[in-house]
Amino acid sequence: MFLGKVVGKVVSTQKSEKLIGNKLLIVKKIDEKENLIGDHFVAVDTVGAGANDTVIVVTGSGSRNSSDSQNDIPIDASIVGIVDSIEWDEH
Amino acid sequence: MFLGKVVGKVVSTQKSEKLIGNKLLIVKKIDEKENLIGDHFVAVDTVGAGANDTVIVVTGSGSRNSSDSQNDIPIDASIVGIVDSIEWDEH
Amino acid sequence: MFLGKVVGKVVSTQKSEKLIGNKLLIVKKIDEKENLIGDHFVAVDTVGAGANDTVIVVTGSGSRNSSDSQNDIPIDASIVGIVDSIEWDEH
Amino acid sequence: MFLGKVVGKVVSTQKSEKLIGNKLLIVKKIDEKENLIGDHFVAVDTVGAGANDTVIVVTGSGSRNSSDSQNDIPIDASIVGIVDSIEWDEH
Amino acid sequence: MFLGKVVGKVVSTQKSEKLIGNKLLIVKKIDEKENLIGDHFVAVDTVGAGANDTVIVVTGSGSRNSSDSQNDIPIDASIVGIVDSIEWDEH
């Protein structure tokens, strides 16, 4: 999984039927200082995330394991947690 | 998933039988300003996308979940939505 | 999937039994001008591809969907089409 | 799999039910000199790893094979070993 | 799959039970001139590979297809062949 920030939302009417009812949020990875890095992703929200939330994103087949209703939908990334805090270890 | 733009089409006669009847479109990722970035991909169209459409692309095993007829075909990317609009959050 | 060019072949005697009889070709991605880019991959040929052919390569679990005999072999990339032509859209 | 170092921990209350009870550690890849490189990942701990441990991380569907209870949880990376030592070959 | 060279070995006592008995080798990709490139990976050996061997590595779910005993172990890369020779095509 990776840590990211919700930076937007995608609106799509002409889409796979199996995606209907799913909230498609745009997420960017963050680094240790919570700067936005890399390309953005589209992820299905499964925990009620919203604008500027710091979130946990799972990719690949695991993204369809949040609930049984998602097992066979055409997605490869979903938001599975909203971050309360990140504790960085002393090196 | 990622956001991309349809930039071309691939014609292939000598191909896996299971791909026959599938439209193979070439897609490039876009950034926040809708500039084309990175390498291009070949994706199977499942929603009637065409030239210059902004689309949602799912990769990996999820790309075969659009319909039951696609479950066991040899693909790793498919277009699952045509984008109406992208709403970027205020930071 | 991605577009690539066949650039070589791998010969391996001491290999997984399940790979015996499979042609292991080396492929490099191509860009819009058909220049070779990025790292090379090893892919199993399923359509009779050969030296310098422009091909369509599927990666991941989809690479084992070309035929039932390939479902459980240890591969992650296969050539599923030989390209006749690529049509790039006007921007 | 890759070799990494545990560099932190994520606390998340509002998360997928299936993640409850799983320790979410932050890991960074290491190079031959054990310098931290690349982006960080979030991985589920399955072997009792802790701060600054050098660990083995498996990604993708394999990350859910550590135990039967993990087969269908929404994760794509897990820590499957704590490294005792790394032996580099003479070139 | 990719071509790589065995560059080391990982010793780990505190690991997933399902990994016990598997040889964990460290591999780096090679380029056309057999220079080592990119990050190193940890891969399970399935063909008796050793130090400095040039090998074929499969990643993802395919890495668990070498033998039935490996189907459900927590790995994402395995060595499936030792390279005898690489034949590069004339361009």
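Here the chain labels run A, B, C, D and E in written order, and each chain numbers its own residues starting at 1.
Quick note on the criterion: a contact is a pair of C-beta atoms (placed from the backbone, for glycine too) under 8 Å apart; a residue touches a chain by one contact, two chains touch by 3 or more.
The UniProt protein names, listed by chain, are A, B, C, D, E = EutN/CcmL family microcompartment protein.
If you're wondering where the values come from, they're calculated on a predicted model, not measured in any experiment.
Q: Among the remaining chains, which ones contact both subunit B and subunit C?
A: Both-contact set = empty.
Q: What rotation angle, rounded to the nearest 5 degrees, superposes the C-alpha atoms of subunit A onto those of its identical copy subunit E?
A: 145
Q: Could you grab the centroid distance between subunit C and subunit E? Build each centroid from C-alpha atoms only and quote it in angstrom.
A: So the centre of subunit C lies 19 Å away from the centre of subunit E.
Q: Quick check on subunit E: which residues sit in contact with 2+ other chains?
A: If we look for residues of subunit E contacting two or more partner chains, we find 60-61, 63-64.
Q: Between the chains shown, work out who touches whom and classify the graph as line, ring, star, complete or other.
A: Its topology is that of a ring.
Q: List, in order, the chains that make up the ring, beginning at subunit C and going on to subunit E.
A: From subunit C, continuing first to subunit E, the chains appear as C, E, D, A, B.
Q: Taking the touch rule as given, give the residues of subunit D at its contact with subunit E in the complex, in rising order.
A: By the definition above, subunit D touches subunit E via 1-3, 29, 31-32, 37-38, 46-48, 56, 58-66, 78, 80-91.
Q: Using the touch rule from the top, collect the residues of subunit B that touch subunit C in their complex.
A: For this pair, the touching residues of subunit B are 6-16, 18-19, 24, 26, 39-43, 51-52, 60-61, 63-64, 72-77.
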